[in-house]
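Below you'll find the structure I mean.
Chains here go by letter, A, B and C, matching the order in which they are written, and residues are numbered from 1 within each.
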Amino acid sequence: MLLLLRSVRRDKSVRSKKENHPDTLSNKLTRREALSTGAKIGIAAGVAAVVAGVGGYFGGLASVPAKEVVKTIKETVTQTVGGAGIFGKGYRFSYVTHGGEENVFWNSVMLGMKEAAQLVGADAVMLRPKKEGDLAQESANFESTIAERPDGIVVPIAYLELLPLVKKATDAGIPVIVHNIDAPNAEDRIKAGGLSFIGQDLDFAGYFLAKTLSKYFKPGGHALILIEGPGQVWAEERAKGIIQFLKEYNTTYERLDVGFDLALVESRTSAYLQANPQTTAVFSVGYTAPIAGKVLQSMGRKPGEVAIGTFDLVPLVIDGIKSGYTTIAIDQQPYLQGFLPIIQLTLMKKYGLSAWDVNTGNAIVDQSNVSKVEELSKKGYR
Amino acid sequence: MTLNARKLTIALLQRKEISITIISLITISFFYSLQPKFLSPANVDVLLKITPELGIPALGVTLLMIAGEFDLSVGSVFAFTSLFTTLLLEMGVNPWLSVLLALGACSLIGLSHGLITVKTGIPSFITTLGGLLVWRGVALVITGGLPKFFAMPTEFTNIMAGKITTFLHAQMLWFFGIAIIFLLILERHKFGNWIYSTGGKKDAARAMGINTDKVKIICFILSSFTAGLGGIIQSARLNQALPNQGEGLEFDAIAAAVIGGTSLFGGAGTIIGTIIGEYLSRIIENGLIIIRAPSYYFRLYIGIVVIIAVIINLYIQRRAIRIRG
Amino acid sequence: MSKNKPLVEMIDIHKWFGRVYALQGVDFTVNHAEVVGLVGDNGAGKSTLMKILSGLYPPDKGEIYFDGKKVKFSSPKDAMNLGIETIYQDIAIAPLMNITRNVFMGRELERKIGPISFLDLRRMERESLNALRNLGLEIEDMKMPVENLSGGQRQGVVIARAMYFKSKLLILDEPTNNLSVKESLRVLEFIRELKNQNISSVFITHNLHHVYPVADKIVVLSHGKKVGEFRKEETSIEHITHLITLG
């Protein structure tokens, strides 16, 4: 029952998101497409009616879930059939990720994916595990989608165990583009068949964050690095870059393993900062360093006393920068990581062009530009 | 209806699995009609490969639920057992021995859940909710939250999760092997009768001289053991022991059992029902990917299937009574 | 087994539950092939006395003799081994299990296949069918869950079970509770049948009208004390009703 309620609620949020981006192109559907769409909906509705009918007939109680079935399947199908650009019409692309359904960062990637798909008229879905970073489910999703043979797969290499699946897809003739997280050694990804990498150069981004933040704290101090995904490639790569700069800058550091659970981050960070008041800078490899700002505020410290640098423009980070406690954030522009793979794959399919690496960036956000960025971030574009 | 046909109908309707089989067939035809690749050899192979590691814990959970208790800790024990194995490996213990010790440790976990539940009278829902937090916590402490390489010899990985031929993987043999043993226990051994009586009516079972505490404790041990074995198989398959593996498994396992006709109140349920229930969950998960539906829909569908399966079970039972007259 | 001695003798039984003095020195006797009606208002101590006799509670003070020998029960299993079978108020069966499995609950018949003992389902089914027939209960399908049976039929299953396992004493706790008149009569038939087969029984009830027709002896408890013990021919319903209400 609980499961059901949660799903329904989530379903609603999906729906309202769709309403923000109405499917204005659908009236341009050709007749054939309209027919096949109609047929698909027909079959779906038919089966739904049978399932619902069986339930209703048997229990009478089933009328509510039955209605949900019909609604859901119709939506599934309309969403699946997608909008109707012409350039990449008929292509089907699958995104496979470790970013759980609750991870806000991946919602921006998904928005980029959806809008690119609408633009070229392709169909794209993003397969996300129920739990953040669930490798077993991610690899099961990956294998399932390979079996379905889409025209292209887009995947971040959060775990090295995904590389054999990249190879399996490539061997099956499906082009694979890696986004968001590259293999620590790009050679491995290329050998497995990953055609290009679209995302941040993570190691460099860590270095860049630390170097940029160094304007706000003196050498010879002490830094705290929050690790949201200990052992995961993206987290370790960024941490490596940060640590490399700190060594050059003659700053001592300590790693603190945290997750994305903000309450946990707060309790650990608070304990650490109480015990180590000499800390001059706080970094996070994910987006949770602003929590350190809140902790410092409650400890009575002033904004700017401790420099805080973080990644990714989630609401938490934007609020942190506006409050003055979070100094800078590096934006890796997730929208692009969702948008560009479809453009590349479509060009590859259509004109045989090759894929190309894109560094989606090291855009710095601080108090000077935060309000402008905030507007775009609210809409999911930054 | 001739007498034989009538008897057959009654016999069929008496099997609780019949409703879940019907739902499965409808679901399969639904996905197949939308996307024929759903039944392609490649996809069927994927389904067969990923189901056992999650299905094995569901078997143990089924026994325990029939005995009238819950185990919310299986997801955590699932992760703990793998991580404990890697800990022993790092200490230089022989790989085979490490696995045996880890499975022994997870059986002890089951024993502790069982003892606490029956001796103190705390509901197992609470005991194992504690277990869910404790063993996940221990797993995180063991690893410092880091994924570990599951460094087992190739022979071991092959025995646990190797591919034998197309459509036949070692983990399936484990799944069906344990399923057959549990099936024999439940349907053909006196211990099965004790499990059903303990869950069906504890006071009656005790009055008839059955040591219901012992029955429950053994079921707790089996539940933890199967959870641990599932974790070992998953880690062998992925070469990784992850601190977050098996999160949410407890509800998946209970859902599979309930879809398959196991009563939440104990005293009823079958192994075959749970197997079909588990496959149905995985079929829905996989089918939604194949028809390219957003992954959000999985929970919605599973929720609906749980409700429909329970309603149909009730209906068929009433129907069976009516036919018999 | 000597015919002169009573089957069961309970002497000076006391039982405390915390501050509640539930049994205050009760003597209780059952003879061979005798139907004893144990009556009294709610809370009189009837069920407690019988739970002591069936081994569920130990007495705080007092002695129990069975077939002339002093006995001490540490679990219901001990009492069952002697042939004391109890049928509780809420019926000692699991409703979702089928008839056969209920009849043999805890005392399954087994058959060795190799080194392992498996249930001998076929024999269990045949034996339970026979046991029900002996009682005059015709049920065709032994695989039917007990919850599909009527209340009287359920009591029949339990009584058949006691007969099958050759009990010497059957304790029936409110067996006619919640039953229709017709079903109650049926249960009384079963009890007469028990007597014919030389099995004694204790019939606990607060409804005197149910026990009166079948009982040989009636024992009245009130507030943890025995207030009367009569052969049926020595008394009348009015007399006993008076005793129960006044104590």
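Going forward, a contact is a pair of C-beta atoms (placed from the backbone, for glycine too) under 8 Å apart; a residue touches a chain by one contact, two chains touch by 3 or more.
Given the structure is predicted, the values throughout are model-derived calculations rather than measurements.
S.K.: Leaving out chain B, what pieces does the complex fall into?
M.R.: A | C
S.K.: Starting from the Cα centroid of chain A, hunt down the chain whose centroid lies farthest away.
M.R.: Using the mean of the C-alpha atoms as each chain's centre, the farthest one from chain A is C.
S.K.: What whole-Å value do you get for the distance between chain A and chain B if each is reduced to the mean of its CA atoms?
M.R.: So the centre of chain A lies 32 Å away from the centre of chain B.
S.K.: Roughly how far is chain A from chain C, centre to centre by C-alpha average, rounded to an integer in Å?
M.R.: So the centroids are 69 Å from each other.
S.K.: So how far apart, in whole Å, are chain B and chain C when each is placed at the average of its C-alpha atoms?
M.R.: Chain centroid spacing, chain B to chain C, equals 41 Å.
S.K.: Applying the document's contact rule, which stretches of chain A touch chain B when the two form their complex?
M.R.: Contacts found on chain A: 1, 3-8, 10-11, 14, 40, 43-44, 47, 50-51, 54-55, 58-59, 61-62, 65, 68-69, 72, 76, 79-80, 92, 94, 101, 123, 125-136, 139-141, 143-150, 159, 161, 172, 230-232, 257, 259.
S.K.: Along chain B, where are the residues that touch chain A in the complex?
M.R.: Within the complex, chain B touches chain A at residues 22-23, 26, 29-30, 33-35, 37, 40, 42-43, 45-46, 49-50, 53, 144-147, 234, 238-240, 242, 244-245, 247-248, 251, 255, 285-286, 288-304, 306-308, 311-312, 314-315.
S.K.: Could you please specify the touching residues of chain B with respect to chain C in the complex?
M.R.: It comes out as residues 10, 14, 184, 188-190, 192-194, 196-197, 200-201, 203-210, 263, 267-268, 321, 324.
S.K.: So in the complex, the part of chain C that touches chain B is made up of which residues?
M.R.: Of all residues in chain C, those touching chain B are 54, 56, 75-77, 80, 86, 88, 90-97, 101, 104-108, 110, 116-119, 121, 141, 143-144, 148.
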